[in-house]
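Heads up, the next two complexes both have subunit A, just with different partners, subunit B and then subunit C.
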Partner chain A sequence: MDMRTQKLVIVLSFVGLWQVVALGVHTRFLPGPFEVTKTLVELMATGELVVHSVVSLSRVVAGFFLAVGIGLPLGIVMGWSRKMENFSVIVEVLRPIPPLAWIPLAMIWFGIGFQSKVFIIFIGAFFPILSNSFLGVRETEPYMIEAGRVLGATDNEILQKIVIPNSFPSILEGLRIGLGIAWMCLVAAELTGLKSPLGLGYMIMEARDLGRADVVIAGMITIGVIGYIMNLILRWAERKLVRWKSDRA
Partner chain B sequence: MKKMVSLLLFVLAVGCISQERGGIQSIEDLEGKTIAIPGKATVQDFLLQKFLREHNLNVNIVIVKPPEMIAVLEKGEIDGFIAWEPYPARAQVEGGHKVLVASKDIWAHHPCCVVAVREDFLKENRDVVLAVLAAHIKATTFIQEHPEEAVRIGVEFTEMSEEVIRKAMETIDFVYEPNYEGIREYLEALLEMEYVSPEDVGDVDTFLGGFINGDLIEEAVTFKCAQGLNKTVRIGYLRADLHQLALFVALDQGYFDEFGLTVELYTFSAGPEEMDAFGAGDIDMGYLGTAPATTKRLNLSIRIVIVAGVNNEGSAIVVS
Partner chain C sequence: MIALEKVSKSIGDLKILENVSFSVSKGEFLCMVGPSGCGKTTLLKCIAGLRSYEGEIFIEGVKSEGINQKIGFVFQEFSLFPFRTVKGNIGFGMEIQKRRNENREKTIRDLLDLIRLQQFENAYPHELSGGMQKKVAIARALATDPEILLMDEPFLMLDAQTRNMLQKELLRIWQKTCKTVVFVTHDVDEAVFLADRIMVLTKRPARIKAEFPVDLERKRDRSSPEFVSIRKEILRELEVEYVE
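Let's turn to the complex of A and B:
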């Protein structure tokens, strides 16, 4: 069996196992794959699922780019400058705080609209992006910097032409992890109050109130699949960009 | 990079645009506004939808937990909310907001909270259920006969001011008989709203016959037990829901102790959550709204029985 077939077999056996367990326990608490597929198809047919997904994605995109915009330069500066490095004390204390612990504050600071969701996503994505760019810069081999200096490069040139390109793999890894966490946080953030009743997290919360376990699972699967696709895209980008770097080196 | 920045700005701009809002003076002004409910399939969701249908209005309905509603209203994120007392009274007294419609004007004498018990628990601990109901009856009578004392207990239970509780009490009708006709009306509307499916309900009266037990409360009126039961019962209730004051009166007055009952309390933010705890077998009995009890009894087959009423009316739509 090639890899593709193997993967397919694994997925099918998982679904089979799910079906067996669902039949075995036979409760409304665990709908089987057929029932959930039916619900998924219905949700897609009405267009509901697409709207929820697009709204969720737009929140993630905004929060993620905000985190990139702040976390990336800050990480590079912290890795590059010894003085700035001392700020890592604050970062190390803030980093272990789960993004969801910020929800009560996000609600009173930013309300229940777009901004508060973006804030939670920002917190989730910010730290992996920051730490990975910091580490990438910090782990640049000293001999490369020395070589630059010997050849008469200024600090700025060393940072732009040696350190940053060299940290690319680590930075990209940070972006990928950051996006993954952002996606997870989003759904949890949407479980609390929302100004526009849309988003995959909201869909799940509503289904929970109504006791519709099939809709809950359909929402979970959608979140998983979108997360999987996002990861694939970033991995692909990572390969492209890192190869470009090694080609040039 | 420029593209990324402009994309970011675009997304932020789109997200920040929010509709212009003006003050709500009359019912018609609600059209197109954003109104918060405590959860889907709650009594308040039900009442709001009934109200909107009758006035042919469309609003944007969002979910906000009742303790956060006033703050969210004051931030201007929502234009109004519907909640159980004492939140509407608190919004009036402390925030100067106004009640647009009291729930009695949406549906006079509408049933609201009920006491429910897990079917299994009822089978094995009928005596405990009867004792809890006996305490519930005594407590409800106490509230009717000693309103001043009841206000004091309400203040302790909700941790809100006396002024708020006094005002809130005026709108709540405390009862203990389960209201069959009222619950039937809920069920019919839940079917119409497609929250529950006709296949699950089957014949409405057959279903309600098993879902509502009106005999136990009759029996509980004269329930006595010579020696203490010496048992523990786990009871769920909703956070600061003044409708459920009887539970706290019973605790305050030691009515459970008289039967040798130890009560473990479990708090929930809204009825649908409490139903999940019923489903997991984490609580034995609970005070909760009729709508979530019925919806989840059907959709998730959570086997509970309604054994008593708790209150009629006592919710309101509040606007800033």
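Let's turn to the complex of A and C:
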């Protein structure tokens, strides 16, 4: 059996198990796979699911790019400059705070609108992006830098032409992890309330109020699949962009 | 070509180099041997301007300060830029010097011919064997046309066959390019095979302990009695350094 068939078998067994359990439980608690599929198709047909997904994605994209815009340069500077490195004390204290613990503060500062969601996503994506670019730069071998120096490169040229390209794999990995966390944070942030009644998290919460477990599960599956696809795309991009690394061949 | 006058270096209380003075003439192949950790690498890096030091170093009669464009350096480590192709690595120094594109291309081609890796110009370092990577590192150091090539145990991390092959290649390149070479190693066999002159360093802090001219004809035979006898003499000098 090849890998693909094995994976398929695993997925099918999981769905089968779900079906078996669902048969023994009231659909109010656990609707079966067929029911959920039906709901998914309906939600797609009405366009509802697409709208919620697009709204959610737009929030993620905004927060994610904000995190890249601030976290990436900051990580590089902290990795490159001995003085800035000391800022990592602050980072090390802030990092273990779960993004969701920022929600109350986000609500106080930004209310429950777009901005507060973007802020939560920003927090979630920021730290992996920052620490991966920091580590990438910091872990550049000293002889690599000296090799540039003996060839006459200035500090700036060493940073631009050696250190940053060399940290690129680590930076990209940070982006991928950051995006994954951002996606998880978003849905959680949407669960806490929204001004506009849109977004996958909102859809799930509303379904809960209506006692529609099938819509809840359909929403959860959508979140999982979108996250999975985003991860796949970034992995593919990593492979395309970092062809020079042996362990990614 | 190169002259060191009372070069010393310490880090904190640790003395690494102590009053090292010597000179190297143009086109000479000088090998420095010494016990591991004696400060050979530091000495080379001082000459290259990568380390600070006390004393004076003159390159072509001019006091050298900082990085010197007349010096090329080959590192002990596999130091090629992994994100650049062979071509990109060799071209790096010329890019920094903002050399014209056509000139750059030509120099790269000539160097690829010299190291006989023409068909690998677009390969990345991880696609090359260790020996090939070392040859590219030599080409990268030669690309800006320095007068002097400093080599810090460049063949350390290679197997014996590859080492022997690269030693022969290096001699061929040296004879063709007429560079002045300072080559650091702790392998006496390698030193006797390569050098016009061998300097033996003491253990840390490094001082010059002895000097041996190697007046053997080129295409040296490692098993000839003359080769073996020089080798023996140097080993005897070194042995004393290892016995405390």
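Criterion: the second predicted complex is superposed on the first by the 240 of 249 C-alpha atoms of A that agree within 3 Å, B and C clash if a C-alpha of one lies under 4 Å from a C-alpha of the other, contacts with A are read in each partner's own complex, and residues count from 1 in each chain.
In this text, a residue touches a chain if its C-beta (ideal position, glycine included) is under 8 Å from a C-beta of that chain, and two chains touch if they have at least 3 such contacts.
Model, not experiment: these values are computed from the prediction.
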{"item": "Partner chain in contact with A:Ala213 - subunit B first, subunit C second, else both or neither", "value": "first"}
{"item": "Which of subunit B and subunit C A:Ile112 touches, first, second, both or neither", "value": "first"}
{"item": "Which partner, subunit B or subunit C, touches more subunit A residues", "value": "B"}
{"item": "Touched partner set for A:Val187, first subunit B, second subunit C, both or neither", "value": "neither"}
{"item": "Subunit B versus subunit C as contact partner of A:Pro165, first or second or both or neither", "value": "second"}
{"item": "First, second, both or neither for A:Leu43, with subunit B first and subunit C second", "value": "neither"}
{"item": "Which superposed partner A:Tyr143 touches (first subunit B, second subunit C, both, neither)", "value": "second"}
{"item": "Subunit B and subunit C contact sites that coincide on subunit A, given as residue numbers", "value": "none"}
{"item": "Residues of subunit A defined as touching subunit C within the complex", "value": "141, 143-144, 146-153, 157, 161-162, 165-166, 168, 242-246"}
{"item": "Subunit B-facing residues of subunit A, complex", "value": "27-29, 58-59, 61-62, 65-66, 68-69, 107-108, 111-115, 118, 192-197, 202, 205-206, 208-213"}
{"item": "Contact set on subunit C toward subunit A in their complex", "value": "45, 48-50, 67, 69, 71-73, 75-77, 79-84, 92-93, 95-97, 124-127, 140-141, 144"}
{"item": "Residue numbers on subunit B that touch subunit A, as the complex places them", "value": "4-5, 7-8, 11-12, 14-16, 18, 34, 36, 39-42, 60-65, 68, 71-72, 75-78, 195, 270, 272, 275-276, 279, 292, 295-296, 298-302"}
